[in-house]
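Each of the next two complexes has chain A plus one other chain: chain B in the first, chain C in the second.
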Partner chain A sequence: MLTVVLQQAMNGLVVGSLYVLVALGLTLIYGILVQINFAHADVVTLGAFAAYFLMHRFGGGYIAAIVLAFVVGGALGWLTNAAIFSPLRERGNELLPLIATIGLSVTLENAMLAAFGPIPYAFDTPYSNDVLRLGGIFITVQNLLIVAVSAGAIGLLYAFLKFTFMGKALRAVSQDRETAGLVGINPNQLIMVTFVIASALAGMGGAMLGPVLVLTPFAGTSVILKAFAIVIIGGFGNVEGTIIAGLIIGLIESYTTQFLNPGWIDIVVFAILLAMLALRPTGLVAERREENV
Partner chain B sequence: MSDPAPDARTHRPRWPWYAAAALIVALLPLVFTDSYWRTNLIVCAINVLLAIGLDFILGFAGQLNLGQSAFYGLGAYVSTLLIMQLGLPFWLAFACGVAFAGLAGMVLSLFAARLRGHYLAIASLGFAVITYQVLLNWIGLTQGPLGIYAIPPPPPLALPLLAPIEFTDLKNLFYLVAAFAFAAYGLLDQLVRSPIGETLLAIREDEVSAASLGIDCRAWKVFAFGIGSAVAGMAGCFYAGFVGTLVPDAFFITESFTILAMVVIGGMGTLIGPVAGAILLTILPELLRGLGDARLIVYGVALTLVVLFIPGGMVQAARALVVRARRLMSSPAASVGR
Partner chain C sequence: MGIMRSGASATLAACAAALAIGGANPAPAADNIIKIGALLPMSGPGSYFGAQDKQGIELALDDINRTGVNGYKLEVQYEDSACSPLPATQAAKRLIEQYKPDVVIGEECSDATLAIMPVMAQSKVPLLNAGSSSIKITDPGNPWTFRIMPNEVMQGVDIATNAYKRLDARSAVLLYENTNAGIGNAKVFNETFTSLGGKILADIGFGRDVNDFTAIATRIAGLGKVDVIPTYTLEGQGLKITQALAQAGVTKGGGGQAIQLGTIWLPFGFEQKAGKAALGYIRIVQFDPTDERGNVRNFITAFKMKFNQGPTHLNAHAYDQIGLIADVVHRGAKDAQSIRDGLAATKSFSGVTGSVEFDGKNQNVKMDTIHYMETLDDLSWKALPWN
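Showing the complex of A and B:
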């Protein structure tokens, strides 16, 4: 029994750390723009497909595939900002950019469906079948790699936000855009950088989710729905809260699969989300931003 | 918002427009006699119901509801289960389906009453995901992904002095759904032009100011949600009897996005816009059938481009055309006058 609990804890942390990568992007964008990028889901999916094709069509290595997905994600993030968020910023309507990115997401998803078809791709990596044994629990080298790369990326992002000038400027803008502008920070450039970082992380997350999930054009959508739950449970715009909530959701997911029924995962996760919204809409970690609540 | 002279418009009599529209709707199934196009006409009428219901919540009360697919599905499943499991007569089950969807909408908005904007959008999306998963996983009740089959169409309507109207005939079924779409449109049109409509607009534009004038924003948002989701439930009841089978996939969250596209492309905040959007986005993909699965690409691209370039949708585009046409007509006269 204990080994089952520990084994599922391990599985939960693997999936949870990937959810954190995806959810951090949403939270960073929300922090600086107070906007939701619905097409974030398709950045994940495109990252996964880019990695898949590099490995299985062009014989690239897995690490190279992760790097490619990072670059593809970043490029898509830049494009989303330049094409949608930047032009809509002057209108000052809080819902229009969300609706436009829903349109972009529907477009990308169905373009991928037309290009890649609905049949799931078997995304194997050289590390998928190497199993390590730690006490009674098993972990594949692939999953170990996922945890290591995610933890590394999250750590770097955290250090970037805390210690670099740009990271501090980014936090300044998300706290108070006008005052940040007064001290000479250019918000447009920072928003662009945020989009690129956020989407690069999501693309990289896709490259690592591909081997874990069923890789179809809709893979990103199921991830993004959980990422929404995570950012709300963690407190929109709150980096620490998002990390904690992402790991919790990963654990809940693997325990629901083990002890209840895999079909109930979304029901459990979203029931927690709705309860959270009703009881504590500011999220797990207290947050100063309350204008939407 | 973009209405140049609201007073002049609201007091102009509407009945000639209703009469003209009713005449066109009455003629449609006589022009399109094959069952393929008559089927599309019924889908149009169902989509019109879904779109005007959503627009009442989104365009007038300013609440982004991404859960319209759930209310649609609740109406369909509740009415069908009451008919098939408990043997309730169609119209009683219909009333229950509409009421259940409306109540679900009210409960959701009551629950999320403190939330606005993005938080409400995500809460309603979460509600749609939960509803879809319950329909999929509560196999004892809904048959899950296997679906419910052989759902009867609405029973024949026996009017005095006339032969009973059979709804197995697609033409009659279209008239029935279209009549309800008309009734719902008329009801919503009355609502938005009454002081209630102005109250909702006040909440949409600035909730804090509205509250300071003594408006109970929470109650009005619950009201708007209830009406809009009940109309979606009505569409669901007709959908079940029309298609004859129910599977949860028909009510996945992408359906919410499709309905959103109809409202936004038509013109949110007007009632006629979503009607035009629903008809366009039902018929256009049929005309582009050669594209196969690319149907939804059309929806997505159109949705994004409309938000970016003509946020008022087809209504804004039509108004701009009318203004331009008037200018062209009047310019020679004006030069003569000078």
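Showing the complex of A and C:
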């Protein structure tokens, strides 16, 4: 039984790492703009397809594919913010950018459906079927890579936010956009940086998720609801909370599968979400909205 | 006289032409239209069904409309029913109100089919289903719904019996998506297998949003010796399950002993996507590409010419749906009521998936539509002579 418990902890860590990668982008954007980005899932999917095609059509390596997905995601974030969200925000109606994210999501999903078709792609990497076994525990090299890359990305993001001027400026804007502007910080520039980082993370998340989930134009939507739940449980816009919540949800999924049934996963996860909203609406970590990001 | 039987070695076009000349009914000018509504999943995780069905339909239309049938040409209007009850119901109502079809084909997913059946019955338009397996579709006896594929009970009883008697399986783990079809298929296997003396070690249902199956594979690996794992999912999740079971060392593809069993849910090409993990997988397919019957060989040749690839069972059963409607029109049907009556009177229609003869509940009773395939080392298929 100990082996099974440890194995499921490993499985939960992998799934949780993936969720964190996706949820971090959502929480960053929410922290700065107090805006939910429904198109985030489609950036994940586009990143996965970019990585898939680099590897399977152009013979690229997996690491190069991850980098490409990161770049594609970031570029899409820049483009959509510059062309759609930024002009809409200038009109002063908070609802417009929110609705635009829904429109963008539907557009991207159907564009990918037209371009890539509905049939699932088998996104295998050279590491998908390499299995490491230690005692009774196993993990594929692919999943090990997911944990390592996710940990690296999370660490770099954390360091960026904590120790760089721009990271500190981002936190300042999230706490009080007007006051930050008074001390010379350009909020629009920082919003653009946020979109680029969040989307780049989503694209990279797609490259990591692609070999794990079922790669279709709807792939991202299958994880986005869980990512929203993680953002809420972690504390809207709170990076530390999102990381902790993502890993906890991953573990809950694994142990629910083992000791109850996978059909119970959503019941358990969303019951926790409801409990958090009722008992601790600020989330696991955040005490005050102002401390987010 | 059935279209396919009268020209077994010819394509649908040749059959239709022959029957137009020598059939019992006079052949008016081919300017009348039989309107066929197609409710198929074109979006969402089941959209591969719709994409492949459409290919089979288009090929059949090419063949049949070259000459027409009894002066009629067939026309198809597609609507996206999304493999889900609500969009399927909306699409069905839209189709009925705007297109006013004489007959409707679809859906693929049982939940969606169950949702559109009342719409069809209320409108008195026959529904010809090829891909949904839930027993609820035909068991109550719906006069307007017909199904050409074996239902979940026919498939489930057959595969459970074969697992017990031919594979000597005594223990099983059930894996299925939490839908009418998934639950129903698993239940039939469970009842048949346990009644024969087999034991179900775990009964694991999951939602369509589950992505990582490593946790499920871990749980199964911890159960000890498992002989067979009947699996009822769409292709995407099926791929991940097969790979996760192999990685956990449970199935033959990963050096274990368990054999995965499947029914007609998975399309052709699944094994190539799953890779070595699929080794030893035994599954029912609705279409046997090694079938030597003339109409099957002609279908394969025509399909390859049109699409530059071999047909799948989804292509094949959609082709048969149109072929069966053409057969009914040849026998004199010209509107919804007469098409319904013609379908009910069908005897031994010979399609590319097998033959069709409906019982009193409009369920095809012919078992030659069940073909067992085993995945070999090189990921090719070996046809198992179990039916």
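Throughout what follows, the second predicted complex is superposed on the first by the 284 of 293 C-alpha atoms of A that agree within 3 Å, B and C clash if a C-alpha of one lies under 4 Å from a C-alpha of the other, contacts with A are read in each partner's own complex, and residues count from 1 in each chain.
Convention: a residue touches a chain if its C-beta (ideal position, glycine included) is under 8 Å from a C-beta of that chain, and two chains touch if they have at least 3 such contacts.
Predicted, not measured: the structure shown is a model, and the values here were computed from it.
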{"item": "Partners on chain A (chain B, chain C) - clash or fit", "value": "clash"}
{"item": "Partner chain(s) touched by A:D266 [first = chain B, second = chain C, both, neither]", "value": "both"}
{"item": "Partner chain(s) touched by A:V183 [first = chain B, second = chain C, both, neither]", "value": "neither"}
{"item": "Partner chain(s) touched by A:A278 [first = chain B, second = chain C, both, neither]", "value": "first"}
{"item": "Touching partner for A:L225 - first (chain B), second (chain C), both, neither", "value": "both"}
{"item": "Touching partner for A:T216 - first (chain B), second (chain C), both, neither", "value": "second"}
{"item": "Which superposed partner A:V4 touches (first chain B, second chain C, both, neither)", "value": "second"}
{"item": "Touching partner for A:A115 - first (chain B), second (chain C), both, neither", "value": "neither"}
{"item": "Identified clashing stretch of chain B versus chain C [23-31, 59-67, 221-229 or 239-247]", "value": "239-247"}
{"item": "Chain B/chain C common contact set on chain A", "value": "110, 113, 225, 261, 263, 266"}
{"item": "Parts of chain A lying in touch with chain B, wherever the complex brings them together", "value": "30, 34-36, 83-84, 87-88, 91, 93-111, 113-114, 225, 228-229, 232, 236, 261, 263-264, 266-267, 270-271, 273-274, 277-278, 281, 292-293"}
{"item": "Contacting residues of chain B [partner chain A, same complex]", "value": "62, 64, 111-112, 114-119, 121-123, 125-127, 129-130, 133-134, 136-137, 254, 257, 260-261, 264, 292-297, 299-308, 311"}
{"item": "Residue ranges of chain C in contact with chain A within the complex", "value": "42-45, 47-48, 50-52, 178, 204-212, 214-216, 218-219, 222, 235-237, 239-240, 243, 246-249, 254, 267, 272-277"}
{"item": "Chain A residues touching chain C - in the complex, by the definition given at the top", "value": "3-4, 7-8, 11-12, 14-15, 18, 110, 113, 117-120, 122, 124, 128-129, 131, 138, 140, 143, 209, 212-216, 218, 222-223, 225-226, 253-254, 257-258, 261-263, 265-266"}
